[in-house]
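The structure appears right after this line, and notes come after that.
Order of writing sets the labels: A, B, C, D and E. Residues in every chain begin at 1.
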């Protein structure tokens, strides 16, 4: 995907665990809480399923930001999945920042099934941050357009 | 001989740039390679580049064509091809020889590789003679003249303060004509070529290898090998490639990219069988190809004595010592 | 090439009023693999579902995408729908264009429509990579194991047995009964503990569906829900249970006296013994460590006096392996060892005792025959000090949690002292009085008002011996001044802690435990008796401090779960589990450490490598245990592990589709 | 070190003569005075080829993988860093301890061969940077040890992360430009991976284009994906032997990524030195409830 | 063994004999004590009543000087030790506090130099064999109530001994050949300044300590705190008068008893400087010894 400055809208990919954040996003809808149409949610069973490599691939292919979201520590449907997520992404976020990615572009949050306002607020916040930063070109694999 | 002060090289390259897209050897971050010339770039004169100029003709990744699927039919999309004349300055004798090898592969025996041919045909080569061989060099043992690179369009010589030029081909003559205002005629004798440290005796090796497919030597030689692709990727003659595609939704691009016979999946078949399952078979293939199969088919070694492989090998696999071992094997 | 059909739902106006559904349907035709696309008012309605089924047949669709509401709402509906159309139920994906789109972008119809297209594109990209998955069935063995023969274990076993299933109870002591057997009276009714426990013990022993394996321990647990293979070690009793009549002559004649564990070393038992008179089974065991015969080879009196010839010195530990469908863990608790607390004298004062000691001292069949006498000089105490929260609510020296039952049993002890020693004075040091429970607060108030116990809000900072008495120094925080009491007896309400072997047993069972080694329930609210290992349930205080009514209630709850499981011959397992590509797996074992369900283990496989047979280790996923979280897949560097239905390739396809 | 060469030969010879191992992996002299390379000796008389000098930088631990399914034992010489590498292979269950005979060495630090070639014979050759910073010059896990004194150098109290920190202090764009400059020239020859003891997968995802993770195409984006993925894969298992960097034919400072992760693991999850303890739990194979929380 | 030595104000005044005896035994044991140059008051209780930072900064300065010299600090006085340990804990547990304190004292203090109670050094760091070797007068006849006071082993988790039932001094006295009694007031408060300002309260506290020691069968008290000794020794007569009792319990610094056991002249240890005559028991020890020798 190439970047067109004029029509550009942030494209934010959210990896959401099925039990907390995805359900939280559902509740946001049920509560009719509005947020920018910049996010696309990808459902995984548990935040522990989110491979940091997915995030790299997403940046390569052209997203502007990634949000990794799951249950709060202690609330994981699978008991411990999110603790692994936490360790992995503590390292991952620092590594990405180290190679020059703006920290706003890779974020991780705990959002429970009940936290619709939080989901709304987080998405709104990230959208604004990314809008301010502009399109991401880092890591991007743009060679393959026809 | 036509000569110019070395200090004037910048002017010369700038002048050439008006006519050609020029590439020169450049040192960067502890490594070196051919780069497109930009005004002011410092040309590397000491020794050869770590990465050979092979990629100028046979890039590591080369797009071949695009395709598009629309409602269950596939259309081909041709991709833009770079045009215009190019000039390579500073190619050494060994790398010149490697182009000879690649020409054999890509342009002879009834098969013409259009991608290679297009690049080869639009490129003029100014070779640069070597006076002092590098520690890992052994081109002389393979019969090359380090100072006069066969096949080049222009021979350039490093004569200390000055550079000497001699046109070899018509295309070369055109280059020198272009530089008329920058060159003057002066007599110069070429300095003597320095001593080579490595002197493998290659005579008889291709023939001897014919009977050595099952030799226990291969197992021994291969023990060190890590099966990385460093040697094949820096080798100016290695030319294996893999064809692959990148598909994005309904569109995609077919491309080819370098492959290495050192990699496990190189000969992996679709069903999972691998005729070269271990490094013994892979190492054997690499040296058999260079020293036996290729000479049999094209009547020349697939090695030019550039010494890059023994320079980069993390475990110091050494083709000259392997040649020696083959010679000594019973 | 897959043939995908896309069905875009308007959900009345819920979606349709914001998202341009016909346009989404039209756009979907451009996505690779889509051969049919349509929009409709209510996809989940009968006609909507019929429409899908018809389209599958007419257009030979092999994959379906429904763009509608959240899959959490209707995934099952559409899975059944495509199943009805002859497709595998996992060949449908949903694009959530309601909760995640129309409802949250109501003011931006264009952007919402664009987003809906993206979501459909992602779903299409995923669905073409969906593989058919089948729910597998595993057989269920109709037999349950209850570990622990205290009140919780007994109750669970009785409930399961009464429902018609065979139950084995494994108890490490020679008798069932547990802690409750040591207790004198129960609060708040003050009925005799033995009077309500003993009938249950007898019932368990005589129940045709219950087998008691006393003096036995769980050695090894293998397998998974429905099929646990449990190895049980039956320790050598040295008494032939089949022959012994329980006459008790051997115990009378045995010359070797040993401190009684049951009486907390406050009286003696013999080397051949039953722990207490009402023990079940009421047949003795020989304590080989202390038996003269086993130590010196001489004596043998018990054998000589036994009329039935039941004494057998040659008995050996016996191991038996049985298959169970379900396991109830009810191993109870232990009491906090207060000898680590310096303020209370590190356990060196004989008249500082625990509540359980007190239970025995006040019990009619206890060492003092129910007369409260203090251990040091067997005098009747006049001033009795009770200290609550010894080791509880004390993160510095003990446990951070509240042990829950102590407030009530201390009140009970106070009333018992006052009833038995009329001129006694009771002082109770407390942090808070916590009495939630039926009749509990009333009981506490009676203790204060009717029985005149002095409740002092504050901690004790020091106990020391002064002459015959103990000086208890503390603080009355309500009056804001130090208090000092000359006590004859100090009773500590020590914390309930996990059994010392709880951790090891948890590891054998593959269940979780918290920092205090109490077992972790699968969900604190909604799955309080389940564990993360399917088929293993919790009852009683091994899950956390509990009093008797709570333990019994949880035991019955666990039993209900077991009955639910055992009532079926076989059970269905979720097909969304991890799988291993053995040819890639290097057997590093990273996944084994990460799996919260112990569903992965390393197994040895042999294979031909270059004409030679070699053995190597690879990970192996037990589909019965795996719950499909996928944490292992990320830990697997070579991607030998993949989670079905959420494979790397499927997720990457979604990512790629989004970025087109 | 001259004397130790003799001890080393004698040891190897004894091992082979007594049949304690089928093969001894050590070092022999390469084509140049500044190159020493791996040697695989299975005959007692060939032990004369073995040497021990300040160019024996090649980490031999990973070669053991080639012989893990072979009959009998393999003996291997290990320096401090090799020993940590070997421990990682053991931790990863890739080797059976009982099939290896480990001969520990005390390493005085290895000389930089690139510098050696540049400076020429007879001049004073600096040590490799990783050797100057080395905290474990002595083998940690061995069956027997060659050499008298174990600690033979002043050992720094801490790893040196100054280069990492210098990079961290740059702006995002500066950092990214450096990253691009480094990986633009990556050939994806996988020498770094193939020499790395922590890269011990049976089949690397980068060798399986079918896995969907990587394409064979060489461009800076894919190269960066390779670099970051490899850094994440060896996270918590990189022993800092620096062989990746030495193996790189285009001189990419690969350890800058690895050291960054080592630094962060230390700071976030407590000090951890890979390969110093075979029984240690891998940092990314577990977690603590008390791990830093910044995802709120 | 070498330590920085922080004597503190008391050892220069009311606790002279503590300082004297400490230096004497250190010499015998070959422990080098490097007195912190230009040391300042630890702040005692007044500083931390005044300002949290002041209370940390004062001892931090002493600790910083020792850290520059690369030494751990030997501290005889229990209060000085408690304050110095507090700053060590503060700077090691919070980077922020460390920076703040360093800014105030204009020196670096990372907490690398540890505050060590002299008792800890003698009981735990000095090898028992080294002490036994020096004993020429075994403390036969001494039945000591080892009195640790309130500061030496508190708070929990920072100290070197059990805060409820410390035993290090008991161990040391036994190594020296004496006996110790098990008693309940080891860590009770001596009353601190109450005996001066609120006699009723202070004397009662002292009385209970003395009574419990006596009841447990002790014939002397041993302490590691100059204030405790001051109260128990100087006020003992007043307490006896107030409660119409007779205790007659000499109070020693543990260092004095070490010196005595090592055969150092009592006057050099300051044993002649006590209010409750400390010499009779000393004489008894020496007599028992010469008795043994002549026999």
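Here is the rule we go by: a contact is a pair of C-beta atoms (placed from the backbone, for glycine too) under 8 Å apart; a residue touches a chain by one contact, two chains touch by 3 or more.
Keep in mind that this is a model prediction, so the values were computed, not measured.
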Practice prompt. Walk from chain D over to chain E along touching chains and report the minimum step count.
Written response: 2
Practice prompt. Look at all chain centres (mean of CA atoms) and spot the one farthest from the centre of chain C.
Written response: B
Worksheet item: So which chain ends up in the middle if you average the CA atoms?
Response: D
Discussion item. A-D versus B-C: which interface comes out with more C-beta contact pairs?
Written reply: A-D
Practice prompt. Could you tell me which chain lies farthest from chain A when each chain's centre is the average position of its Cα atoms?
Written response: E
Practice prompt. Report, in whole Å, the distance between the mean C-alpha point of chain B and the mean C-alpha point of chain D.
Written response: 31
Fill in: Whole-Å gap between the CA centroids of chain B and chain E
82
Worksheet item: Taking each chain's centre as the mean position of its Cα atoms, how many Å separate chain A from chain C?
Response: 35
Fill in: Intercentroid distance (Cα basis), chain D paired with chain C, Å
45
Discussion item. Going by the contact rule already set, what residues in chain A reach two or more other chains?
Written reply: 52, 57, 80, 84, 88
Worksheet item: By residue number and range, which residues of chain D touch two or more other chains?
Response: 203, 208, 213, 217, 219, 284, 286
Discussion item. Give the residues of chain C touching no fewer than two other chains, as numbers and ranges.
Written reply: 583, 594, 609, 635, 648, 652, 656, 659-660
Worksheet, complete the sentence: Per the touch rule, the chain A residues reaching chain C in their complex are 1, 9, 11, 13, 18, 22-23, 25-26, 28-30, 32-37, 40-46, 48-52, 54, 57-58, 61-63, 77-81, 84, 88, 120
Item to complete: Using the touch definition up top, name the residues of chain D that touch chain B in the complex.
Response: 30-32, 35-38, 40, 58, 62-63, 66, 114, 117, 181-182, 185, 187-191, 193-195, 203, 207-209, 215-219, 243, 246-247, 249-251
Worksheet item: Where on chain B is chain C touching in the complex?
Response: 69, 71-72, 248-250, 272, 277-278
Worksheet item: How about chain A: which of its residues touch chain D in the complex?
Response: 52-53, 56-57, 60, 73-74, 80, 83-84, 86-92, 94-102, 108-110, 138-143
Item to complete: Mind listing the chain B positions that touch chain D in their complex?
Response: 28-31, 33, 50-51, 60-61, 135-136, 198, 220, 223-224, 226-230, 232-234, 242, 244, 246, 255, 257-260, 263-265, 279, 310, 312, 314-316, 318, 320-321
